[in-house]
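Next, two complexes with chain A in common: one pairs it with chain B, the other with chain C.
Presenting the complex of A and B:
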């Protein structure tokens, strides 16, 4: 019994980080109908920034969100302005974005391979080897801190979307783009902003990934598969859905890993993706997508 | 002249022209109804006026200013409010949030709050449901919310696209009643209606479009009595007795 709860706790502690990673992807898809295949590549890019900031300047990776977020925010807005208006008129906009961001992922991977080589990296701040004891359970400090920071950032995101004028405009654009235009939202400006915010969330995720996992430039292909599974489970474009999806799959993966060995836990995500698309393509909380 | 549409052509994407040179004129304080069969370009005309579509040629002039090429938000700020066919609400937002979004271009919070209260007085049913998500409202209430949203900005011109679409006759009657209320508040209304008879009944002037061109125009009550228009555009419920009396268009109804 204690074992089962312990595994649950471990799963939950990864869930928060998964949720943070998925939230950026969901926001970008929800507002612009862009499937950002390069999202995990940008997470890794930020992870490298955090890693080197730790290695060279001894900046704690948790603190590095203070620069990875704004940096990725502006990088994101620049990339959006540069790349997407060109295909904005296309009828197959969403499928075009898959190809476009796929090549973007290749480019980012190439840049990372060139700059940082293919060596496996992981930042090791002191708390990566510590654990907190909670009665009979142990909580690895790194995962705990990372998930707490993720939940704080997600909370700020939810408050921003719920209670500010700009946040409301972002939600409005997610729910009905034409209607948003009709009430006077400059949807292009909102899209640029939302892309920037999505990338800032990728930046924060990168800072956390830098000490939670070992990574190398091509690692993002595995991550994007995982992330797509999370957001498809939650319902594409539903933020609360992707958070629930993240926790659910993280816990299931933790149990599978515990009972059948660690090689089984990545399978969870691909299997889930396959099953969801087969049984309930709109996800748990999503509405059926219009073409 | 509040609005003048001069010989406008427009279409979607790289597709053919839906509007093949349409002209209409709208005067302050009057209400207008555009009728015509499916595919006549009625909705396209409204979408072009409010900037969701760009005219390929011709001019749209509002209060003396050419609107061609402006974005929808810019046109909105100049005083044209559009309520589209699907009502375009934000389904997961509450009634209140929908009204807040309607006032998105108002930066004064107090002013916006006052206007929301004023709109609740016009539509008390909405006040009761203000914390309910828009998608849980009935069809009639949703249409009411869409119109309430248009009222928030106190626009010079309200354009309604098929407000009675998909509503039960009783509910549709309430919607037409609301349109008369907008008129009574001094608003200029440009209405597109599939239910041509009901639409014309709450308008001063009518335009008939067909295949992207102007067909007829005239005072709404004249169009209602015109046997040729009844036969072509007002559907089966036309008055047969009157058709037998006269087969030529009545005076006051001009051809294209």
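Presenting the complex of A and C:
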């Protein structure tokens, strides 16, 4: 019994980080209907930044959020301006954007592979080996801190979307792009901004990934599979859905890993994806999957 | 009269037919080109039998046939129908594993079981299509990525077939001088089959329906096209020939290994070939595959780095998408400068 609760806690502590990773992807899909296949590649890119900052300048990966986020924010806006306005409102929008982000993912992966080689990396600040004891349960410090920071960032995102003018404009664009435009929202500006924010969230996730997991350039394919499963489960474009989906699947994966061995735990996400598409294509909270 | 994008196409075609000169040229350059190309390819191995110096060329041609099969098949779902599959190498990989397993456990030659591997890929495509193509939009794309990852994860953990290490397959007992020949002809046949299927689909009512779906799925549905069935069938057909080619390719490489058969770069190259040649055209994928094989060979010989290869593939894809979205054949046709020997419909 104690062991089962322990596994639950471990799952929940990863769930926060998964939620942060998925939130950027969801935001980008929600506002622009772009499935950003390159999202995990950018997360890994930020993870490398955080890793080297730790290795060379001894900057704590948790603190590196302070520069990975703004850096990825501006990088994201630049990429959006450079790549996406060209396709506009074409009929083949879905297939075009997917192919574009797919090629971005390949470029980022290739550049990372060229610069950093395929060596497995992981930052090791002192708290990665520590654990807190809570009664009979132990909580690994790294996971705990990472999830707390994720939840704080998600909270800030929520407040921003809820209470600021720009945040309201973003939510309006997510609900109905055309209607938002009619009531005077500068949809193009909002899209650029949302892409930047989504990428900033990828930057923050990268800082956390740098000490939570071992990574190498090609790892992002596995991550994007996981993230896509999360956002499909949550209902694409629904932020709260992706958060719930993240916690749910993280816990299921933890149990699966506990009972059948860790090599099988990633299968949770892929199987979940097919199951959801089979049973409830609109996800837990979402509207129908159309783009 | 209802607005239908297809009527315009019919009218255009009619107008074009009226404007064409009345007298037909005595030799159809397209037929001439294609039959002489096939004849040269069919007779090429004679050089190898006589001199034994052409193994490298046989290998390059074989590899090109493999890629033509992949690109022409991908084009059926990704080009005609407009649904992007980002994991099409899952079908060649699974085809390889099915035929490889039959060889290892039952001693059945992949030359005989290749159609079986194709049928397996077809059924897999049908199953995945049934799950993901009932809805529109992004679900399908996401599922195709997940499918590759799932297949790799499953086979990595399948100890029966060597897990991550895979298993090695025995070569057919033939002297080195001619050992490549059965593979060469098998792959040539598969490629011809894939391209011919693509051509027949393009000129059928089914193909017209697929192109209508790519243009505007709602209108296609209103016009009475059973869109879901068409999409699912198109995906399954696009899986068949890759499954067959994968069976031959695995036997040719003499091993099965998940990391190599289910790499995303493989899927990306198929997409790039079709985009480069011209998405939705019959000859485009063939041209694109041949060009990319040459380009890759040059690139690897010059730089030899797989990381740069990945970045290069991505960059080329990005540039083609942004500045050359119709590909070579599509652009030439748009400007009415497509040479007749490349105009396969």
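Just so it is clear, the second predicted complex is superposed on the first by the 288 of 291 C-alpha atoms of A that agree within 3 Å, B and C clash if a C-alpha of one lies under 4 Å from a C-alpha of the other, contacts with A are read in each partner's own complex, and residues count from 1 in each chain.
Quick note on the criterion: a residue touches a chain if its C-beta (ideal position, glycine included) is under 8 Å from a C-beta of that chain, and two chains touch if they have at least 3 such contacts.
Remember, it's a predicted structure, so these values are computed and weren't measured experimentally.
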Checklist entry - Taking the superposition as given, does A:109 touch the first partner, chain B, the second, chain C, both, or neither? => result second
Checklist outcome for this item: Max touched-residue count on chain A (chain B vs chain C) belongs to chain C
Next on the checklist: A:2 in the overlay: touching chain B, chain C, both, or neither? Say first, second, both or neither.
Outcome noted: neither
Checklist entry - After lining up the shared chain so the two structures overlap, which partner does A:185 touch, if you call chain B first and chain C second: first, second, both or neither? => result first
Checklist entry - In the superposed arrangement, which partner chain does A:133 touch: chain B (first), chain C (second), both, or neither? => result neither
Checklist entry - A:56 contacts which: chain B (first), chain C (second), both, neither? => result neither
Item to check | Intersection of the chain A residues that touch chain B with those that touch chain C | outcome: 91
Item to check | Residue ranges of chain B in contact with chain A within the complex | outcome: 13, 50, 52, 71-73, 76-77, 82-84, 88-93, 97, 100-102, 104-105, 149
Checklist entry - So in the complex, which bits of chain C are touching chain A? => result 78, 82-84, 86, 131-132, 134-139, 141-143, 145-147, 149-150, 153-154, 156-157, 214-216, 264-265, 268, 271, 275, 305-315, 317-318, 321-322, 325
Next on the checklist: Show me the residue ranges of chain A that touch chain C in the complex, using the header's touch definition.
Outcome noted: 29, 35, 37, 83, 86, 91-92, 94-96, 98-100, 102-111, 113-114, 117, 217-218, 221-222, 224-225, 228-229, 232, 236, 263-264, 266-267, 269-271, 273-274, 277-278, 281, 288-291
Checklist entry - For chain A, which residues are in contact with chain B within the complex? => result 89, 91, 165, 168-169, 171-172, 175-176, 178-186
